[in-house]
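The structure follows.
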C-alpha cells in the first residue's frame, strides 16, 4: 500500500522558515519523513574569502537573526584566543547580559511558535507580548531590536550606564511576572500536555548518539551546557544546567521554560557583579593558526572553526550551528507520530534553518 | 406563497447580516482575549466583498460548483427553520452543505485539501449524529419533529436535556471550527493542513463558503435556541452565551487531534446524549 | 452611478482587508520575526484587517524577506503565480531589496525583483515592524492604482 | 596555534571513529579545509565531558569513507561537504548527491579551487 | 389482459433463456436479450393491480405439477452440485429439504387447495417493475460488458449463452416470486433464484468463484430449509397456502409466530443480512452484471419482499421488535464495515446489506409510514445501486482494478461514467432524492424506539461518510498520464443514462406513489398513523412534513446556478494546486529531496483498526446472531 505523500514545506504556515519534508503517511501516521534543505542556503562561509576577518563579524551576526549576538561572540572569542587577546572584565559581563537577553527573546519566540504549532494562538500572542519587552531592551542597549552588533574583537562596543541597568532590572521583573502568569498554562494545561507529552521521545542514549545539543540534550537527562566552559563571565556566575528526563516535547518545553528564569537570574547576577573599567582592549595584528571556539546558543552548542594564515582574510571559517546538530534527531522522532504532531515535534528542536544552511 | 417567499428572503438577509456581525464580534473578542485590539466589527463583510472581487481560479471545475451548493444548502436549511418546518428535513438539507464542501475539497490535487477533507468527514460524522439525536429528543418531548410544537412546552428543553446540551456544545465547537477542534480548517492558517478544506478555494469561492459558514453557525445557534424555546429572552440569551463560551474555549485550549475528537469528544458526547434520551423516555 | 458605488465598495474592501502571505526566501530570520511580530499584541496589524493567511491562494499581498537563492527562486515564482489578481509584492529588508550583505555569496541570486515584480521596497537590516506596516500600507495604495481599469481581476 | 589532532589515514578512519564511540564520545561535526595541494583536509571533532578531541584526515583524491554507519547523524555534514568541496563519501545514506544546498551536479562546489579575494571570482 | 401480461412476465423469460442457450450466434442472442428486456419492461408497466382473484387459475392444473416437478428437479440439481463439489453442508441441506418437501407435498398439503395463484398489490407491482426495468437495463449493459469480459479470458468457446440464459431465467424467477400468491410456488421461485445465483457467481469458473458460489449455495440452501419449515408451520396453523390468506389468518395468532420467525430468518439469509453477509460479499467475484443484478433488483430483494409481505401478520409483536433491532443493527454494522473498505465493489456490497437492513427494520416497525418507507426504499435503492454497480463495472473494465485508490480521479478519465456514478452516490445521500426521502420516513417512523433510533443515526452518518468519500475520490483531479478518452458502446451508455435519470428524478414521483399505491396498505396495519401526500407535493406524516416539490425545485435551480458558475470558472486562469510552493510543473507533483519530482498522493483514511472487517466481522456476526435468537425467542415467548 502506497499511502499518502505530502510535501511539507518549503512554504508552510507553521514553518517560520523554508524547510521541506517529504512526508509519507498512512491514516495520518507518519511512516517516513525525508527532509530537503537548501532554501535558505547562501554560502556565507565563502564570504570569508572577500571580507576581512573584522568585517566577518557583521556577516556572522547574520548567520541567524535569532542568535546573532552569540554568533558574533563565538567568532570574536575564537579570534581573541587565536590572537592572544584578553577582553576586559566589564566586557565579559556585558557579553553575558546580552547573551542572556538573546536567550530570553529566543526562548520566548520559540515558546510562542510552539504554542502556535499546536493551535494555541492566544498563548502565542501573550508570549510575544512579553517578548516585546526584551526587544525594547535590546533596542535601548544595542541600537537594534534583532541583530545586536555589540561584539568586537577584544571586547564590546557599547556600555550600559547605571540608569540602563536599573531599567533592565525593573523590566526583567515585569517579564518574570508575565512568564510566571503563563507558566500555569504552558506546563499544566490539559490540551498542551495532550499535544506534547510522549511526542517525539528520545532516550538519553539516542540523543547522545544522534549528536543532539542544547535543550534537546538537556531534556533527555544530559547536563550538557557550553556555558559550563566558563567563557565570557559564566565562570564567575552561579548556575546549573536545567535538566529534564522524559525526552519528549513536553520535557523540551519545560527545559526552555525553566531557562527563561535562569537567564533572568544570570542577567541579575551579572548586573550585580558588573565590574567597572574598559569595555574593550585595542587589538593589533592579524590572526594566525587554527582554533575551535564554542559557545552555548539558545539552541545549544555552537562551534566555530577558524583557520587563519596571518593575512587579512581567513583561510577557512566553518560554523556548526546547534540546529545543524539537532536535525538528525528529526529523522528518528518523526516516524510514528501523527501528522498533526509533525509541527509540534519539528518545532521542538527549535529549528533555525538559516543557521543550519548558512 | 408570496408571504412565504418574502419571509424567506427577510430571514436570509437577516441571517447573513447577523452571521457576519457575529463573526466580527468573534474576531474582535478573540483579539481582546489575546491582548489585541482586533479588526472593526464589519471586517468579515469587507473580507467577503474583497474575496468576491478577486480573480476566479480553479484546479478542478467542481471547486466552482461546490461553494454554490454549499451556501444554498445552508440557506435553505435556515429558511426551513424559520418556517418552523420538520427538524429532520432541516438537518438533511443542512448536511448537503458539508457534502459539497468536502467534494470540492477532494476534487483538488492538493494533498492538504484532500487530507483535510478526510478530517472534515469525521467532523461531519460527529456533528450530524449529535444533531439527529437532538431531533430525536425533540420528538420524544413533543411527539413531533415539527419545530412549531416546541413553544407549547411548559418548561425549557434544557432542563430535560442537560447532557444532550453538553454534547451540542461539543458539536458547535466542531462546527465553528474553533480550538480544540479546528482540525479540518480554521480561520487563521497556522495549522498543519494550512487552511484545511478551504485551502484550494480561491477568491469568490472562498467568499461564498465564508457566507455559508455564517449561515451554518446561525443555524446551529438557532438549534441552540430550541433548548430554551419557551421564552423569547432565553431564545436569544442562551445561544449568545454558548457562542461566547465557544470563543473563550478557543482561546484557552490548544488544538487536539482528530483521533481525540472522534474517540473522546464524540464518543463521550454520543454516550451522554444516548443516556439523556433513555432518561427522557423514562 | 450604481457601478461606481460597487467599484468604490470593492476598492474600499480591498484596502481594508489585505491578507498577507509571508515567504522567507533565504532570510537570516531577522526580518521574518519582525514580520511575525507585526501580528502580535504590540503592533496588532489585524486592526487594519490584515490577516496572515499562509496560503498563496487566499493572499492579496506577498511579503518576501531575504535573498533569493537558486533553489527558492522557483518556489517564489510559484507562490507569486498562485496568488489571484489583484496582488501586490512587498520586498522586505536589505536582502530582499538587493541581496544585502549576502549578495556576493556563492548561492545568492540577489533581490526579489530579479524573480518577480516588486511593488514596494521596505529597507532595513532587519526592517523594523513599523517599517513593515508602513510598507503594507503603501502596498494598499497600489491596489487603488491596480484596481483602476482592471475591475474584477481580469 | 594549531589544534592537536591525531592524524589518521582514510583506511583506519572508521576504526578510529568507532573506538571513540566506544569511549562514549559525542560526535560533534566534521570540518573540511582545503589543503595547499589539490586535496582537502578533514577534521573530525568529538566531545566528551566538554573537552574536544579531533582526528585529522588528509584526502588526496575525491573519495572518503563515510562514518554514517557509526554515527548516523554524520549524514548531514557529509552531504554538506559533498556539496561544498565536491568530495564523495562512500557509503553515505541518505546521499543527496550534491543537492543538499545546490541544484545538483551542474552547480560547481563553491569551496573547490583557490580561495581569497584575488583568487576568487 | 393481465393474464397475458403474467404469461409474458413469467414464461417469456424462461423461453428466452432456452433460446439463448440454444442459439450460439452472438447477434441473435443480443437481439433476444434486447427484445425480451423491452417486452418485460413494457409488460411490467402495463400490469395493473390488483389482479382478478382467479388470475391464472385456468392453468392451475398445469402450473401446479410443473412447479412441483421443477422443485424436485431443482433440489436434485443442488444435491448433485453438493456431491460434485463434495460439499457436505449442501448435501445435508438439500437432502433434508428434499425429504421435507416430498413429505409435505405428498402427505401434508391437501390436494384440493385452490388459492388465488397470483396477486399483485402495491408491493408486488413495484417489485415487478423494478425487476423488469432495472434488471432489464442490467441485462442490456451486460451485452457489451460480457464481450469485453471474455476478451480477457481467451476462452476456446464463448460461455455467454449460459450466462445470458441464466440472467433471463433469473428475471423470470424473480417475476414469478413476487407475483405468485401460492406459498409453495413461492418456494420454487425462491430456490430457483438460489440456483441461478450459484450459476452466475460461479460463471468465471475460477477456484475463488466456485468457492464463493458454493458458499452462496449453502447459505441460501439453509434459507430454503428455513422457508420450507416456515411453510410447514404456517400450513399447520391455517391449512392454506394462499399467501394473502395466510397473512390475514395468522395475524395476531401467537402460535403462528414461530413459523413467521423462521420465515423472517429465511428472508435474512436471502437478503444477506448479518451474519449471513458472507455469500453476498463473495458474489463480488462474478462479472459485474451479476453483482448488479443480485444486489439491486433481484435476489436480495426477495428476502425483504418476503418480510414486508408477511409484516402485517407479526406487526407489533416481540418478533417485530426483534426484526426492527436486527435490521437496524445490520444497517449500522454494515455501514461501519463499509467505511473500512477500499474495494469499491465491497463498499457497494456492504451498502446493499446496510440498506436492506433498513428495509427489514421497516417491516419490523410495521406502521404504515414505515412500510411505505420500506417499499419506497426498495425502489430507490434498486435504481441507485444498479446504477452504481454498472458504473463501477464499467470503470473496472477501464482501470482493471476495484481498488478505490486506483479509481481516484475517474471523472477526469471517464467523464460520462464518472459523473453518473457521482450522481448515483449523491442520490443516495442527499435530499431531495428518493433514498433520503425513504430514510426520512424511517426516521419519522422509528423515533419511538431509542435503541433503533441510535442505530439509525449512526448508520446514516456512516453511510454519508463512505459515499461522500467515494464520490470525492472519483471527482479528484486524476493522474495526468495514461489518459484514454472514454468511448463506450451505446448499450453501455444507455442503461447508465436511463438509470441516472431514474435515480435523479424518481424521487419526484414519491408523492404519487405514496398516494396511489401505498396508502391502500394502511388498512393492513392496525394502529397505524395517518399519513398523506398533501398539496404542493408536501409529504406529511403525523410527526413531520417534507416539502418535496419545493426542495426539488430549489435544488434544480441551485444546480443550474452552480453549473453556470462552473462554466464561468472554466474560462478563467487555471490554477495549480497548493504544494507548499514546491510545485514541479505537473499538476500533482512536487519537488522533493534530491531536487526530484515526487507525486503527491493522498489516500483515504480507511481506519482499519476502527472499521476493518477482519477485526470486527466475527463480533458483529455474533451480535447479529444474538439478535436472530432474540427474534426466535420473541416468537416463542408469546
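As written, the chain order gives the labels A, B, C, D and E, with residue 1 at the start of each chain.
Just so we're on the same page, a contact is a pair of C-beta atoms (placed from the backbone, for glycine too) under 8 Å apart; a residue touches a chain by one contact, two chains touch by 3 or more.
This one's a predicted model, so the numbers in the text were calculated from it and none came from an experiment.
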item	value
Path length in steps (a step moves to a chain that is touched) from chain B to chain D	2
Chain occupying the most central position, where position means C-alpha average	B
Centroid comparison with chain A (C-alpha atoms), farthest chain	E
Intercentroid distance (Cα basis), chain E paired with chain B, Å	36
CA centroid of chain C to CA centroid of chain D, Å	40
Geometric centre distance via CA averages, chain C-chain B, whole Å	33
Distance between chain centroids, defined by C-alpha means - chain A, chain E (Å)	66
Residues of chain E touching at least two other chains	575-576, 578-579, 581-582, 591, 593-595, 600-602, 605
Multi-partner residues of chain B (at least 2 other chains)	34-36, 55-57, 111-112, 115, 118, 188-190, 194, 199-200, 202
Residues of chain A touching at least two other chains	4-8, 10-13, 28, 34, 36, 38, 41, 43, 46, 50, 125-126, 129
Which pairs of chains touch, using the document's own definition	A-B, A-C, A-D, A-E, B-C, B-E, C-D, C-E, D-E
Chain E residues touching chain C - in the complex, by the definition given at the top	575-576, 578-579, 581-583, 591, 595
Interface residues, chain B side, partner chain A - complex	30, 33-36, 111-112, 115, 118, 179-180, 182-183, 186, 188-194, 251-260
Chain D residues touching chain E - in the complex, by the definition given at the top	94, 96-97, 99, 103-104
Residues of chain D touching chain C in the complex	101-103, 107, 110
Parts of chain C lying in touch with chain B, wherever the complex brings them together	9-10, 12-14, 16-17, 19, 40-41, 44, 46-49, 51-55, 57-58, 60, 84-86, 152-154
